[in-house]
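Given below, in the form of structure tokens, are the structures.
Heads up, the next two complexes both have subunit A, just with different partners, subunit B and then subunit C.
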Partner chain A sequence: MNSLLIGCTGRSRLPARAWLATLTALLALACAPSLAAQELADRWGPNAPASANGGRVDSLFWLITTMISVSFLIVLVMLIVPVLRDRARPGHKAHYDEGSSLHDKRFTAIVSVIVFLVLDASVLVMTMKDLREVVWNIPNVEKGAYQVEVLAQQWAWNFRVTGEDGKFGTPDDIVTINTLTLPMDRPAVFNVTSKDVIHSFFVPDMRVKRDANPGAINQVWFKPVVAGSYDILCAELCGYAHYQMHGTVNVLPAEAFKAWEKEAGALALTAYDSNDPEALWAWEWKE
Partner chain B sequence: MSGDHIHAEPTGFLRKHVFSVDHKVIARQFMWFGLVWLLVGGIMAMMIRWQLAHPGSPVPLIGKLLYPRGDGSVPPDGYNTLFTMHGTIMIFLGLTPLLIGAFGNFCIPLMIGARDMIFPLLNMLSFWTVVLGGLVGFYSLFVPLGAAEGGWTAYPTLSSTIGTPGSGETLWAIAVFLIGASSIMGGINYITTIVRLRAPGMTWSKLPLTIWGMFFTAILNVLFLPVIGSAMILMVLDRSFGTSFYVPATLNQSGGGDPILYQHLFWIFGHPEVYILILPAWGIISDLLSFFARKPAFAYKVTVGAMGAVTVLSAVVYGHHMFTTGMTAMLGESFMLLTMIISVPGEILFFNWLHTLWRGNLRFTTPMLFSMGVIFVFGLGGLTGIYLATISTDIYLHDTYFVVGHFHLTMAASSLFGAFAATYFWFPKMFGKMMSEKLGKLHFWATIIPLTIVFCTMFISGYAGMPRRYYNHTDVDYLRSLQHLNVITSVAAFFLGGAQLIFAFNFIKSRWWGSKASVNPWEVGTLEWTIPSPPPHHNYDTIPTVVTGPHEYSHPALKDRDWISQSEQLPT
Partner chain C sequence: MTPSLLRPAMALLLLAGLAGPLSACLQHQGSLSEDDHETVNPPVEQAVGLFARAPLHVPLVITEPAKLVSPGEDFVETLAAAHPERFRKDGEHWADATGEFTWDDDEEIYWQLVPADVLTRGRQDFVQFCSSCHGLEGDGYGRSAQHLRPPPRSFKQSSFKFTKVPSDKLPNDDALVTLVRHGLGGTPMYPWAVSEERLRDIVQYIKSLSPEEEGWRDAVNEIGAVVETGADPWEGKEAQGIAAGEIAYHRNQCYGCHPAYVTAAKLNEIRGVDKTTTYAADVTYPKLKKDSSYEVLGYKVAILAPDFTWQTLRYSGNPLEAYQTIAAGIGGAGMPTWKGAMPDEDLWAIAHYVRHLTDTYKDKPARAAFMAALRAAP
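Here is the complex of A and B:
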């Protein structure tokens, strides 16, 4: 408090050591909320990402958290100092300052530039990198993508994969409801749409989400790198049983996946009925 | 400039108290209207929080009354109706009438030195249109086949007959249309009044910041409410007349429309709506911080410029609500960049407010506490917006509780705190009575502490991946482990709701049994504090001439007091 008082009147100068101590204290204070948030997240946060690029979302999240913690701390200090120091009392007078001097304008300009560079530009650069390399950069079949068609409906997820022939719309297409099996370490690309209302395909452990819009196809992808099963949720309000519209992704290692594909494909062939219009919803893939 | 258009004082009861064209009466009508709806919307919030903390268990006290067919617990469709109507009511029928309707109407003519709004009849029509909208909206709860269940955003095709067959959704759309029409009438009136009826000498640079905030809000109202109006007309046509503007052709339905069209229309309006609610609060607290710090508002012109910049930017950032909808990379990145730019004028406003307090002579009255509360809650809400402007983090956080926490802190809590600050501040002028300061301060602390807990725990559960608009989170394993967070949020929410009873008690008690207010109880200099409390029908016997800025506190030339009225000349 004292150092701030002296700092603002500008009458006396602090020795270098005091400056250093003040700076360290401020830094420690700035880190505290960020550390506390980290602690909270460890206890209540999401599971560790199970996709190759999910970690990028988390690291960007923590970068932003650190920066806004520092910003909010500055706001709090500037709010609390006058509260403690400048309360109305007999004989005390406010300092008349319209804030229109050249000095004030310069201060505003400098702070604006700093805020934009530190808070916005750094996040922008990082997210642009993620967007270009991951989000918009949807792999195709040549790059080994595993294709999945997702047809959402009130209130279930229909999944269609090609089976061993690698082609959609053939009798060995594997169609499942609410359960999806994916190969590990291979990018999975989803073509997402809906039969009725808007749904949203949300796999929290992979850090992805994409709306399933009726009448249009949306693409999204992730590359599962940890075997296991993960929840699929609907993230867009879709009516009465919105909260019950969940499914499971089972990620299997390559060998186990091959075995599953063979077995499920064979099963699909035996159950195939060319007269069932409900079973024929596969669509053309655009690359 | 003004004075010749005014109406004679009415004598009949109806013309005086019900169908009045007097801006002060209309302001009080808007105020009561907004407060009653805030109560209704607040009770709905309590029921939502009850359901989330104790899924499927009977709502205490009112459960049996509201859901007589079951055991008194909220059913899933009832829950969808609750959050749909909670959002709609709070935004359109609670905050808008209170913050813009009541204080816009009350403050604009008084603070610019006019005798009334420039179009008094349009003003009355604006109020009765919102009343009609409120009635239609309320009636929509009781129609066969169900009330509105599509969320306050009402995305088709869930809000089309495919998703909600009940006529409640149609009535909901009509209600929003009517409320929008009311806001447009108000906006036209505010803009014209501020441009045409300022007292002599009330130049743009002497205008109180409250009026600047109302002015920018009115501009946004006039520009963007028509957009939601047209979106609602198309929705009603789709629902009742068999068109398919929003209904696409899919596997099990015919049509040729596009549900995404609605999302664009909705957010072209919806994002400015956030600023429609926050700009008056910003204007009000910019004034109040200066009034009670007994210091000029720091960098007045920069504050006005920053609010203007936000007004302009608010129109071009709406796409950040649609990052998961599916848009081209270039469009998404443009919206992200534009959204981030808002942080610059936002930061300038914060530094101006904090600088206004710095080395002031702070009087911690209730309006001052709530104004400082806006800095705190808007700080929390505004900064967490960065996660949601950034596409890659937004994709994960979109439609989770993180978003719920963020927009409640920004557009709900900040505007509500602005409205509370304004209520405590102008109550003496509106009703001629003082509100209890002791109860006011108690109300402030009993509000801000649980409020912070409610919305900050939402950030945690949102980051953990808890989707919003879920009737019951205990169905999914990882969400079940977060259930105790939901309980904490709900308990804090009940404290928050209970604290508002202090306000209700204080308001009603002060209104009828409060001590009489003097002409200028706060010792401030804007024009309304030069006339009796409450002001006479014509406001000003002679229109004042303005010679001084609105924030000349503690001017070195002032000797025996630290304030000066805008109609007084500073001593030389």
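Here is the complex of A and C:
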């Protein structure tokens, strides 16, 4: 900074190289905030979405964040500028204004309408679009849906899938606790309920969250498009070990998934005990 | 309303809003007494629906102390040495001034009288932390236990798995505490972060759940400690241990319940039997043992011996834990106490082998090829 100031005042002649270095440094300084923001997002922000429609949640999130941030900045300027400009100082008397004049009321009304139209309405429109196109547009088996029954409990996730026969409540159903294996590039549809209290089925990397209510079957779906392991969390305080209630989604490419399904099905048949009165828990699939 | 009236009016409103919660707080101060049961824990009418349960009543205070089998003469001996002011020699045995430990001439054991306040604390924590699965009465059938396999333990049956205590004995307090701290892999029995003090009280309460003349209330039952391990003979030469383990595993016919992990030809070679001996088609699969001694609502729970390359192991995260599990056996599950039944070296070797199988193949792409090769072989 010093060299720059000296250069500006013309007290010293700087070589062109120094000018270039100074300019680069200034540019870097200007970039720093955005780089820092990127670093923060990488470190503490969410992972990139691993499901086909996860990006929609992100874009909605960023839309809201950006609009709110811009409005916040505008409001800040509108607050700070009058406070500084109209403050009491020698030669200027500050005066109290209740904002009750017609001009003020009209201004407030116009700003409110603009804020509603720009912020709320656009978010509402975007949300309705996503709901209609994705969230409520649940694929059925004909569209290749892979069905999973999720039974939450204090404090674990029970998953039941049909195995190769495609029917729930048969001995080859694959039942797992806290681990779920899904095929890649195929919509996974969940019927979520709970044995005891309210839980919430949350897979942050898939941008999906759905409450598990006892006595009700809730639906949710996503289409995993990146193979890997992802966390399942409980997003509803459900008792003492709520924090321990996490599971894993393993997303496998189609071929690996087929092999897994075959082996897991065979082992499920081995583990099936026909005397067990509670082995075949499953409910009628809710479309 | 004029501005001068506004402030007092708002203050009044605020006070009125606070009065309700404030009086409720004042009323509920102080510890729980027996009379408070009905107000604090009214009978719970369970939601009717998909997973409906019968109405429950939840008493929280225990008034009677429990008379349980003490951890043994050695335990009392050590305690007496540490607290000379509390114990004095009465004949051959120790007399406890607090009355907690008493010698019984007929049964020839020390009884432990667990005070009611310890049981009450244990009970309250049990209801909060454990009852959702293990049941409010410790019968292993809480609201969240339905359909859960393996089923949560019933403390009315005094049969425990994975305590690392030889299965003909009851586990001591330390073994139970260690188990709760460690948790059981692949089940909702997590590693519980309850403070040591509270956990000890919970353990006392769990022991007191034994029915009359059973478990800790039966004088003939001995309390055992976690099996002794000694030094690992294969330390530094794990590869040899794994190779020796493969032989020991198959020679001792572990594949009777668990899968075999070698081809039939290799199996015959290891066992030193006729080369033409054949095996059942399911020899490379885990086997289900039906009709175990452990019951849930009249159903004799079937137990699956794990496939080490597939299932999550309950409590065998390293060779030491695997050794302890094999050596102690698993009570009521058909896994006998192996310590003494085969050389210690072989036990350690099998522990290394089992860990090797899990580390190499579980959730790994290599598993499919490994098992396919086994099953394709004649």
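The rule we apply is simple: the second predicted complex is superposed on the first by the 226 of 287 C-alpha atoms of A that agree within 3 Å, B and C clash if a C-alpha of one lies under 4 Å from a C-alpha of the other, contacts with A are read in each partner's own complex, and residues count from 1 in each chain.
Rule of thumb we're sticking to: a contact is a pair of C-beta atoms (placed from the backbone, for glycine too) under 8 Å apart; a residue touches a chain by one contact, two chains touch by 3 or more.
Everything numeric in this text was worked out from a predicted model, so none of it was measured.
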With the two complexes overlaid on their shared chain, look at subunit A and say whether subunit B and subunit C clash or fit. clash
Given the touch rule stated above, what does A:W281 touch, subunit B (first), subunit C (second), both, or neither? both
Given the touch rule stated above, what does A:S122 touch, subunit B (first), subunit C (second), both, or neither? neither
Check whether A:A271 is in contact with subunit B, with subunit C, with both or with neither, and answer first, second, both or neither. second
Kindly classify A:G215 by the partners it touches after superposition: subunit B alone (first), subunit C alone (second), both, or neither? both
Which of the two partners, first being subunit B and second being subunit C, lies in contact with A:A241: first, second, both, or neither? both
Answer with first, second, both or neither: which of subunit B and subunit C does A:Q38 touch in the superposed model? neither
Quick one: is A:G99 in contact with subunit B, with subunit C, with both, or with neither? Answer first, second, both or neither. first
Of the partners subunit B and subunit C, which touch A:F61 in the superposed model: first, second, both, neither? first
Tell me which partner A:T22 touches in the superposition: subunit B (first), subunit C (second), both or neither. neither
Touch count on subunit A, higher of subunit B and subunit C: B
Going by the contact definition given at the top, which residues of subunit A touch subunit B in one complex and subunit C in the other? 151, 154, 193, 195-196, 214-216, 239-241, 244, 281
List the residues on subunit B that touch subunit A in their complex, please. 76-77, 80, 149-151, 155, 157-158, 162-164, 248-253, 255, 258-260, 293-302, 324-326, 329, 332-333, 336-337, 340-341, 343-344, 347-348, 350-352, 354-364, 372, 375-376, 379-380, 383-384, 386-387, 390-393, 395-396, 398-400, 460-461, 463-465, 467, 469-473, 475-478, 482, 485, 551, 553-556, 562
Tell me, which parts of subunit C touch subunit A in their complex? 47-51, 128-129, 132-133, 143-144, 146-149, 186-188, 190, 192, 282, 285-288, 290-291, 297, 299-302, 304, 307, 310, 312, 363, 365, 368, 371
Subunit A residues touching subunit C in their complex are 151, 153-156, 158, 175, 177-179, 193, 195-196, 214-217, 239-241, 244, 250, 256, 259, 263, 266-267, 270-273, 275-279, 281, 283
Subunit B-facing residues of subunit A, complex: 8, 40-41, 44-47, 56-57, 60-61, 64, 67-68, 71-72, 75-76, 78-79, 81-83, 86-88, 92-100, 104-105, 108, 111-112, 115-116, 119-120, 123-124, 127-128, 130-131, 134-136, 151, 154, 193-198, 200, 202, 204, 207-211, 213-216, 218, 231, 233-244, 246, 281
